[in-house]
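Got a structure here, written out as structure tokens. Questions coming.
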Amino acid sequence: MSSTFGTLFRVTTFGESHGRAIGGIVDGCPARIPLGVEDIQPHLDRRRPGASPLATPRKETDAVTLLSGVERGLTLGTPIGFSIPNADTKPGDYAEMETVPRPSHADFAYAEKYGLRARSGGGRASARETAVRVAAGAIAEKMLSVYRPVQIVAWVESIGEIVARRPDLATLTRADVDATLVRCPDPEAAPRMAAAVESARTAGDSLGGVIACACRGVPPGWGEPVFDKLTAMLAQAMMSIPATRGFEIGEGFGATRMRGSRHNDPFMAKPGGGIRPATNRCGGIQGGISNGEILFFRVAFKPVSTIGLPQHTVAFDGTPVVFEAKGRHDACVLPRAIPIVEAMAALALADAFLQQQIQLVPRPAPSGT
Amino acid sequence: MSSTFGTLFRVTTFGESHGRAIGGIVDGCPARIPLGVEDIQPHLDRRRPGASPLATPRKETDAVTLLSGVERGLTLGTPIGFSIPNADTKPGDYAEMETVPRPSHADFAYAEKYGLRARSGGGRASARETAVRVAAGAIAEKMLSVYRPVQIVAWVESIGEIVARRPDLATLTRADVDATLVRCPDPEAAPRMAAAVESARTAGDSLGGVIACACRGVPPGWGEPVFDKLTAMLAQAMMSIPATRGFEIGEGFGATRMRGSRHNDPFMAKPGGGIRPATNRCGGIQGGISNGEILFFRVAFKPVSTIGLPQHTVAFDGTPVVFEAKGRHDACVLPRAIPIVEAMAALALADAFLQQQIQLVPRPAPSGT
Amino acid sequence: MSSTFGTLFRVTTFGESHGRAIGGIVDGCPARIPLGVEDIQPHLDRRRPGASPLATPRKETDAVTLLSGVERGLTLGTPIGFSIPNADTKPGDYAEMETVPRPSHADFAYAEKYGLRARSGGGRASARETAVRVAAGAIAEKMLSVYRPVQIVAWVESIGEIVARRPDLATLTRADVDATLVRCPDPEAAPRMAAAVESARTAGDSLGGVIACACRGVPPGWGEPVFDKLTAMLAQAMMSIPATRGFEIGEGFGATRMRGSRHNDPFMAKPGGGIRPATNRCGGIQGGISNGEILFFRVAFKPVSTIGLPQHTVAFDGTPVVFEAKGRHDACVLPRAIPIVEAMAALALADAFLQQQIQLVPRPAPSGT
Amino acid sequence: MSSTFGTLFRVTTFGESHGRAIGGIVDGCPARIPLGVEDIQPHLDRRRPGASPLATPRKETDAVTLLSGVERGLTLGTPIGFSIPNADTKPGDYAEMETVPRPSHADFAYAEKYGLRARSGGGRASARETAVRVAAGAIAEKMLSVYRPVQIVAWVESIGEIVARRPDLATLTRADVDATLVRCPDPEAAPRMAAAVESARTAGDSLGGVIACACRGVPPGWGEPVFDKLTAMLAQAMMSIPATRGFEIGEGFGATRMRGSRHNDPFMAKPGGGIRPATNRCGGIQGGISNGEILFFRVAFKPVSTIGLPQHTVAFDGTPVVFEAKGRHDACVLPRAIPIVEAMAALALADAFLQQQIQLVPRPAPSGT
């Protein structure tokens, strides 16, 4: 099931970076959810190449078309098919890939897996594939909004060595994040990050970084035990994004250096009744199941593999070559990856939400009452 | 599908820590694989509580019984059912859980999810569940061994602040790892780790740490594009283990601080023909697909939640209590988690192996040849 | 996924007829459903060999044990593991199978599929496997009963050439069905069926027949469009039972000889408001989705393959042999297959019920109201 | 998973009859399979409305576009996305459906399921959806042809009361079937069927019938035990086609009237070595697994629900109405359903083929040999 994500809210995607179109099918979205292109396109525009002076100059309008599953502004309960044309393909840029596997790209692994070399190298490994995730995630987010006030906000926490201060997770908005070109809400770090990206670009090099994400409004009970823990599904979701190298939740790797007495989250009484954790070092998930606190996780992105600097490598036939990328590329993908992280979080949460509804099915009153 | 892992090599598990038995069903193991209890029991013995002076004194023999799917020492191709009795349950130790959710345990989240409080708290969140993973992983490992010389070796890389030196990934063996009580192959760090665990235990506290894992012998081509990338499946597999807080592959979060020119893995010609990456900063997976190099990943484990020190928390009804764990527990789970990490890696690889075979189905020679 | 049935209410089974035990895991049953062995054992007793003078003399107590997922009489929401020991195995009866594939059994197909010959021939093709379905179906039925007054009643409609009159689908009970040895509620046909079975047994021969099934209390809306139509899931469920040869719903093959004007079900107003079909030639499902009427379908069972009469066949090595079955067997399986048909219907309906709940998740009132 | 079929060779579909397009994604097709539009379009043309004087006058070119997964005439191993535009929609024809549920259509059941009334009634229940199955089935058939000489031929066996003689299953071709307008290879029955359809059309009425199907070249071993028996998967596949009412394999319901001694298939030695069944009353599947003989099954189609004759029914609000269908419709769908039955058979077989390859993975020679 390489191209399908989710058990109940299921998205299946298709598309290489240089074919006619990319697209997907969202199956399992309940009926009577208000939905239109206007709910999806803004998310795609946030991810779109060419939207930022920091990003690749490739121009894609990324105009999504809804093909089915929606009528008069409401979902029908049937599969929502959608497509996004590949408008600005320049196969010439990629001709070299058929003879030379790009260092740290998927070209070599794909050729070994499938026994052929595609024009666009590891076609499904292209960042272009992520536009479909963003569209599907927008549908997931819209669906969730009908039932629960879930808010998902991701931001750039670090680029290279520059690390932003932690924002207030309870109040941070996407507008705060989008206020800077690098999508970092720390006004002190953001310009330094932008300068670092510009410097790397000028040098023909690239940078990685960390994206952090907070999800507010997730009630207790989402996530399934054992293999489909919410932690595990978020990890799969994030580590399926191209260029990701790590995932951590709550205190993450930092927790490994704490003692239990320091890391544990004791409980407290809530003013209006009921209890809740008094601290949130676990990042909102315990035993794989949400506990009502803010979900907080971080995703590591490696530096972009496509760089302008010459690289000493070999062709598929073993011939030494000096490879210099000519294609269009970003020096740092993190700002554009923000909506992708949010979309994958939305997909994981939409599925967890629907699965949990099984526990909440109303029962008739016992006879005699 | 909370209790099922895998698409082709599928394991489904059952069992609370204090019921009659735990167990599982492995479906999708090919026929004619040599298999017996002797292939599984040693793995369980490595995970077993009571095996180490550093571990919980709870005594479980963890004796696995094969119920089906094997005849005269060979798999039949049909589901392999197995069970492990829960021999040493002491429900009295856990009676308090019904009124007080243990800090940083799953008791609260489970109660919110399912609308009831089980005797053993978050029963499926118990570490006991992992015995079934170890048994299933042993079957996966045996199956893999028939077709490919895959070797999976995990070790304790850090406990608390004590970090071991990186071993030689190409030669490290399980015997090297098991040579010390803490399952750390660094002879300098291991005794310090053991002392740290003993110190934490004496203090009624607990420690976390990092487990690293190398997988040798994985050929290029394993893993599926997009959502089921091998990276993503390993991340799901690892983050589904109780107490995990983070996952990283290759250079992981460290990669975020490198430039592309530093992080990229160029290719080189192999002596006997063909090419391979000259370096392995990606940890053996590119574009989600194995590239023939050693897989290398790390998993963060938080400090054990169950500690002897008094904790100020509240009961389910909001009443303040001072909680002191009376149950049996480890001060540091990492040494016992080694076979769990290996088992989950084996399950992910077994499934990726079978899925990749679809690409390798022999075709008849074209007519005329 | 050969051994798993269902998307949300999922049962996974294991077990050969002559191994240590058979059993299964029900995953996806909501929490807080009252459940105990007493809800399951009576269903197994209805299927059990040795329960009827018409059935095989093999004695199995078929005593089910619940291994997990239930505590203090309530489901926990976690997987319900259960096992049934294989008490009365006599491998000697089956020794011949390793050299001679029984005519019309699965021995040959299994040997070709798996590349080995198991002691019990096509072990998973044995009718013994169906005991696990009955146990899982009993859990499904119990779960359904908590939410909806669904009643599933199957009966023997024909044995060989003897066809019973159609009972009143609205009132027929399991007690009516169990009132005769052959489980046929037609008092005129039942004794003739019993005599026919006895006559076939005496002759060393066997009989087939048709089981009909009615499901009352299924509200409109169950079943999914396209591939998972309720019709399709019932067809898969029934045609997965050993010895089945056909499935039809409503007027079935008879509908092919009607004109549309005769077969169509027009609608009528219901006394209390709303509308419903005025006739039910469709058998309660339209477009794959239940319409609130009684589900009605029929399942064809071939005559039992194991017969005492000598059969001229060949061994695996091609040597001609005269095969005479020595094992224990029924001359007609239909009476014992009644609870199996009901169980598979319950599993299909339980899954359809849970899936439909997604459409019924309550939404908060729009703001301002 | 209402819109997905298959475990390894998976098709997911989308599209209402009156939206912008219908289409699907085939995931799991191996790489390097020759594939182009020319492999798919002829199958669609066989199903297309307007192709026959016996069929609906709705004109759809049903021109399929491949959006991804194919490059330079070869599959890439990645998902094959495709779409078919809905060119000739006339929503006006269907306006009445919003107030009146058509008798024996899915309009009522869909409205109850989803809580809204779509313009096209039960949109996914429309026969238009089947075009996507035909396209996906064409891909499945092309894939199979690369590995195994499988031939799938369906034909009209009966229309209303007119039943054709059984053709020679070993030699029947699609050309034989397409030689008559009604797609019945019996030259005596075919013109009588055509006359019956014309007569029903003139009367404003409709006819049903039976489609039979033979699959040649399926080797022993396809199909999985228990729930995914090949019989069960074919049953699900066929009963998921709109308007189907029954499915039977081999002797089907007729087997219920035979004794075991008459129905059993003994084995015989094959001239070149090995054995095979001497007769094929089981229809090529034993214990749910193919046995190397010709698969033979039959599918019952009810008469078309849309008829011109006035029908006395009620509106959604209970008001009595006389309903006369104005939309475009066939008086008998069977000739057009032939490629649909073949496509679903191809999808089921493609998946069974891929699943069986797991048993055939080559193993290295044991060391020392």
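In order of appearance the chains are A, B, C and D, and numbering begins at 1 in each one.
The rule is simple: a contact is a pair of C-beta atoms (placed from the backbone, for glycine too) under 8 Å apart; a residue touches a chain by one contact, two chains touch by 3 or more.
Values in this document were obtained by computation on a predicted structure and should not be read as measured data.
Path length between chain A and chain C in the touching-chain graph (shortest route): 1. To find the repeat of A-C among C-D, B-D or A-B, check which pair has over half of the same contact pairs by residue number; it is B-D. Two chain pairs, A-D and B-D, are compared here, and A-D has more C-beta pairs in contact (counted per touch definition above). Separating the centre of chain A from that of chain B, both taken as means of CA atoms, is a distance of 25 Å. Mean C-alpha position of chain A lies 38 Å from that of chain D.
For the pair chain B and chain D, the distance between C-alpha centroids works out to 44 Å. Among the residues of chain C, those touching two or more other chains are numbered 1-4, 7, 13, 31, 77-78, 113-115, 124, 225, 359.
Taken in their complex, chain B has these residues touching chain D: 7-8, 28, 30-31, 77-78, 146-147, 225, 354, 357-361, 363-364. Contact residues of chain B toward chain C in the complex are 1-4, 10, 12-16, 19-25, 27, 31-32, 65-69, 71-72, 74, 76-81, 83, 113-116, 118-119, 123-124.
Considering their complex, residues 1-5, 7, 13, 101, 103-106, 108-110, 112-115, 122, 124-125, 129, 158, 160-161, 200, 205-210, 219-229, 231-240, 242, 244-253, 255-270, 273-275, 277-278, 281-282, 285-292, 300-307, 309, 311-316, 318, 320, 323, 356, 359 of chain B touch chain A.
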